[in-house]
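One chain, chain A, links the two complexes that follow: it is found with chain B in the first and with chain C in the second.
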Partner chain A sequence: MLEVEGLTKYYPSGVIRKQYAKAVDGVSFKIGKGKTLGLVGESGCGKTTIGRLILRLIEPTAGKVLFDGIDLLALKRKELRAIRSRMQMIFQDPDSSLDPRMKIGTSIAEPLKLQGATPKDKIGQKILELVETVGLHPEHINRYPYQLSGGQNQRVVLARILAMNPDLIIADEPTSSLDVSVQAQILNLMMDLQSTFGHTYLFITHDLDVVRIMADHIAVMYLGRIVEIGKTHDIFNGAKHPYTHALLSAAMMEPAAGQRERVILKGETPGPTDIPAGCRFHTRCIRREEICMLKDPETVEVGDGHYVACHFV
Partner chain B sequence: MAQHNNQFMDVIERFKESRSVTIGATIIVLFCLLAIFAPQLSPNNPTKACLDDRLISPFTEFRYPLGTDHLGRCFLSRLLYGTRISLMVGITVVSISATVGIILGVVSGYYGGLPDALIMRLVDATLAFPSIFLAVAIAGILGQGLVSVMIALVVVDWTKYARVVRGSVLSLKEKEFIESARSLGATDLHIMARHILPNIVAPIIVVATLGMAYVILSAAALSFLGFGPQPPTPEWGVMLNAGRVYMRTEPHLTILPGLAIMAMVLAFNLLGDGLRDILDPKRSVIE
Partner chain C sequence: MNLLEIINLTTHFQTPDGIVQAVDKIDLSIREKETFGLIGETGCGKTVIGLTIMRLLPPTATVGGEILYNGKNLLEVSETGMRKIRGEEIAIILQNPTTSLNPVLKVGEQIAEAIRLHQGLNKHDAKKKAIEMLDSVRISSPSRRANEYPHKFSGGMKQRVMIAMGLACDPSFIIADEPTKGLDVTIKAQIVELMKEMTEHKAMLLITHDLGVAAEMCDRIALMYAGELVEYAPLDEIFEKPLHPYTIGFLNSLPKKGLVPIPGMSPSLINFPDGCRFHSRCDYATGECKQKHPDMVEMGNGHFVRCFHARS
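Then we have the complex of A and B:
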């Protein structure tokens, strides 16, 4: 379905000496049709950039994005616009994802009109259908986004996306600006929609609890690179990378298998302009040895579809 | 529709609360009525000279409520018709320069890069001259007349709109609903017309209202200097200049057109300032 290979985005920085901020540095993963990949990592690790790179809202520096075998990065503007309808994105802040001057109904009608597949006299009916599918009331159609709550607005965003009938949905922290109870509603809605329409999700979040419910596979990112990727069960029960251990222990979940020791990382995350030599995690790693400072670890397969980038696996 | 009415009433309610908006709007409406009904309200033909009735003081003769000028023309009628000219110049110049400025500003802010650099350097070059000086030069080249005054003012005035619009577009462009429209497959034109323009209306209204005051004042100034319409056109700046000679003996010939200009400029400034307070902090898209 979606295959990403060596995706890279460098931002030039530095005035006198040419430097690069390596926001995304050689990321590869695959998502099967109808599956969900959870992309987790702390803020600033490049996970949001990946979503935008795949949709080419930002142009990548290098790499390949194959969508159903089509190389997205080789497409021209026009071809890209045609295929974009099959990939949609949900943004973090529902309130700024909707045009404040557009009524909800107009917002939902927009994708229908842009696509042009729905006859004009059917648009009104289609809007009602969509509004119902995402659990809103018909009376919301004539409201403005500022008159709705964050959760309701996120439902409107979902209705707009459903109007496009996409195959792939990239959700960038879709629930992190919502209340916990509303979060659960939106996540449930997204899972229902997935089982009805067979969407493929790339779920970008920093919230491990969310990803555990939603995702079939999990990719853990650190400073622009995936350090561990595998099935959700394998990551939660058999994490191999020290960074994944630290993330899991910080998430304060009920201990899944016995007592899990608490791993507390020291120091700050280095910025993307000065990524440490060798293993990029070595400055904060509790298992650091000399080799970590010299050599960037290869990504090795440790189990069925479970890959880790660490010298000690 | 009920929701929309509420929102509309909401805005009206806030207009009423602001004193400067109320006063400014009232004066402007009054001026508009005077301009529209000038033919009905004027007691005499504003351009007809009557040399027997030269330099009559105000409130002395019933036929000429505000007296006459040095050629015996009814001063009240001239002032009323002058309202027409000032408002007409203001509206024309503001709408043309706003249209030009909005288009160039949106293009500049939305596309960035080379178009942005070119347009903004053009703005800088225009602003490098003192604006009234540039207008004098242009009016001088084009010759006297109301049209050349308006062209001169447009050449200077559009830069304001271009700058304000560009700034608003720059901050708007980063909003997620613009990206979302793009990922829905919307064309640039669709995004600019349907998403960007409706969201920059508020700052444009403020700039246009304040711009009216500036344009009316500048037009009067250029006319006073002799670049504008020629006598017998009843333009306030021209009247001011003609009355200058008689300032000692018949001060009403300078004071009255001066007061008219001041009242109109003040009204637009009050309205513009009030609108800025109402529209900018709460309703603005740039929160």
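Then we have the complex of A and C:
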């Protein structure tokens, strides 16, 4: 359904000495129809940029994005507009994704009118249908976003997305501003919708526990590059990259977990303007050797669809 | 020996919409050197408990009950007396280090300020002590960093500064309100390790919605729902034998535990439902739960729960 190849985005910075912030640096992955890819990484690793590049909300520096066999980067403005209704995005903060002066019903009607597939006299009925699909009540239609909770607003966002009847949904941290019990409600709803409508998800998050449940495949990003990608089961049971190990062991839970060995990374992620030479992770890596400082590791296949970029695999 | 004892504490706020009962008749005690976790979701009143103990509430708040610290009721201490206690005996590490640090003051000066006020050191010595504190929270090249402004620090480093500031005057009790909020997982792990190490011999009230962090740090845990405590017990008991339906629901809604949501929403703190505050979301609710408000009862092993059906 979606194929991304060598996707790159450099932002120029610096006036006298030209520098580039390498937000996304040669990223490739594929997502099958009706499947979910979880894109995991810490803040500033470029995961949100990837979502925006795919939708061409920002223009990539290089690379290829194939959506259902169509090269998105070759499309003209008008063609892109037409195809965008098949790709929708859901953002982190539902309260700022909705127009505060628009009633919920009006908000949901907007995409229906834009898309034009629903006859005018059927719009009211369609809104009711959508509102029920996402687990809201008919009385919510006449309310404003400020009268609803964060979880309810995220349901409204989902109803708007369903109105467009998309194939691909890019979800950028859709639950990270919600409480856990509400997060569970929204994630369950998203999984139900996927099994009903066959959506393909690109699920962007920093939360490994969440992708473990949501995703078929997981890609781990560090400083603009995918350092490991594979089936969810393989990532959780046979992670090969030291960064993936660190992420997995940093996710905490249960008292007993204190007994297992924990990898705590030293230092912080360098900025995208000064990406370390060699392997970009070497400044924080516990397995670092001389080669890591000199040579950028190639991505190698270590198992069925399991790829790792590290010298020691 | 209880270092802090909260008896029948109530904090209400006057608002145009009515009285918000953020903290409603809470009893809680914290022993010396213990880390006590207060867990709850947005708007349950957990942050207000911390602010009430520190007496940092706005004038719209009315407080009732007692907060005994070393036997002394903090609610009766004069404002001058309270100023001495804050920082020196009880310190608070607030959430959101970005907004808690003064953007126009150098980081070292902000830490030194507390030291000067409480320990009477002169400017030079206070600065030296501030640099030592930065070093102890593992900020590299602390003497250079002390002369920088907060915007040059990353989120994790700002949180380290907040910890350094909180511990600068060697308080015996620390309130930490969501100390890991908004941090990346690898940075969160660093901060949790640091806090565990720095507060080993101190009592702490850890306020958080993150059970993972609480599991790493706490000796006992309390669950708060709609302004009151619904269950508290030693750490292992909460995880292995949760008794209150809210605690069970909270645990089950975690991605690791199967992502089973609790239906419905938390009630507003202005109008509590009759009977048990959780009954409308509870699978076990009976007629009794709709009419009577359950009391906290002990189930053995220091495990307390507010539910009529906990025994069955």
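Odds and ends about this structure:
The criterion applied here is as follows: the second predicted complex is superposed on the first by the 305 of 313 C-alpha atoms of A that agree within 3 Å, B and C clash if a C-alpha of one lies under 4 Å from a C-alpha of the other, contacts with A are read in each partner's own complex, and residues count from 1 in each chain.
As a convention for this text, a residue touches a chain if its C-beta (ideal position, glycine included) is under 8 Å from a C-beta of that chain, and two chains touch if they have at least 3 such contacts.
What you see is a predicted model; the values in this text were computed from it and never measured.
Annotation for the three-chain superposition on chain A: chain B and chain C fit side by side. In the superposed pair of complexes, A:237 makes contact with neither chain B nor chain C. Angle at the C-alpha centre of chain A formed with the centres of chain B and chain C, after superposition on chain A: 80°, rounded to the nearest 10. In the superposition on chain A, A:149 contacts chain C only, with no contact to chain B. Once the two complexes are laid over each other on the shared chain, residue contacts for A:206 go to chain C alone; chain B is not touched.
When the two complexes are overlaid on their common chain A, residue A:273 makes contact with neither chain B nor chain C.
Contact with neither chain B nor chain C is seen for A:125 once the two complexes are overlaid on the shared chain.
Superposition on chain A places chain B within reach of chain C only down to 11 Å, the least C-alpha distance between them. When the two complexes are laid over each other on chain A, chain A has no residue in contact with both chain B and chain C.
Touching chain B in their complex are the following residues of chain A: 52, 55, 57, 81-82, 84-85, 87-89, 91-93, 96-102, 110-111, 114-115, 142-144, 147, 157, 160, 164.
On the chain B side of its complex with chain A, the touching residues are 1-4, 7, 175-177, 179-187, 190, 194-195, 198-199, 285. By the touch rule above, chain A contacts chain C in their complex via residues 42-43, 149, 151, 179-185, 187-188, 206-210, 212-213, 246-247, 249-255, 257-258, 262, 264-265, 268-269. Those residues of chain C lying in contact with chain A across their complex are 41-42, 154, 156-157, 184-190, 192-193, 209, 211-213, 215-216, 235-236, 239, 249-250, 252-256, 259-263, 265.
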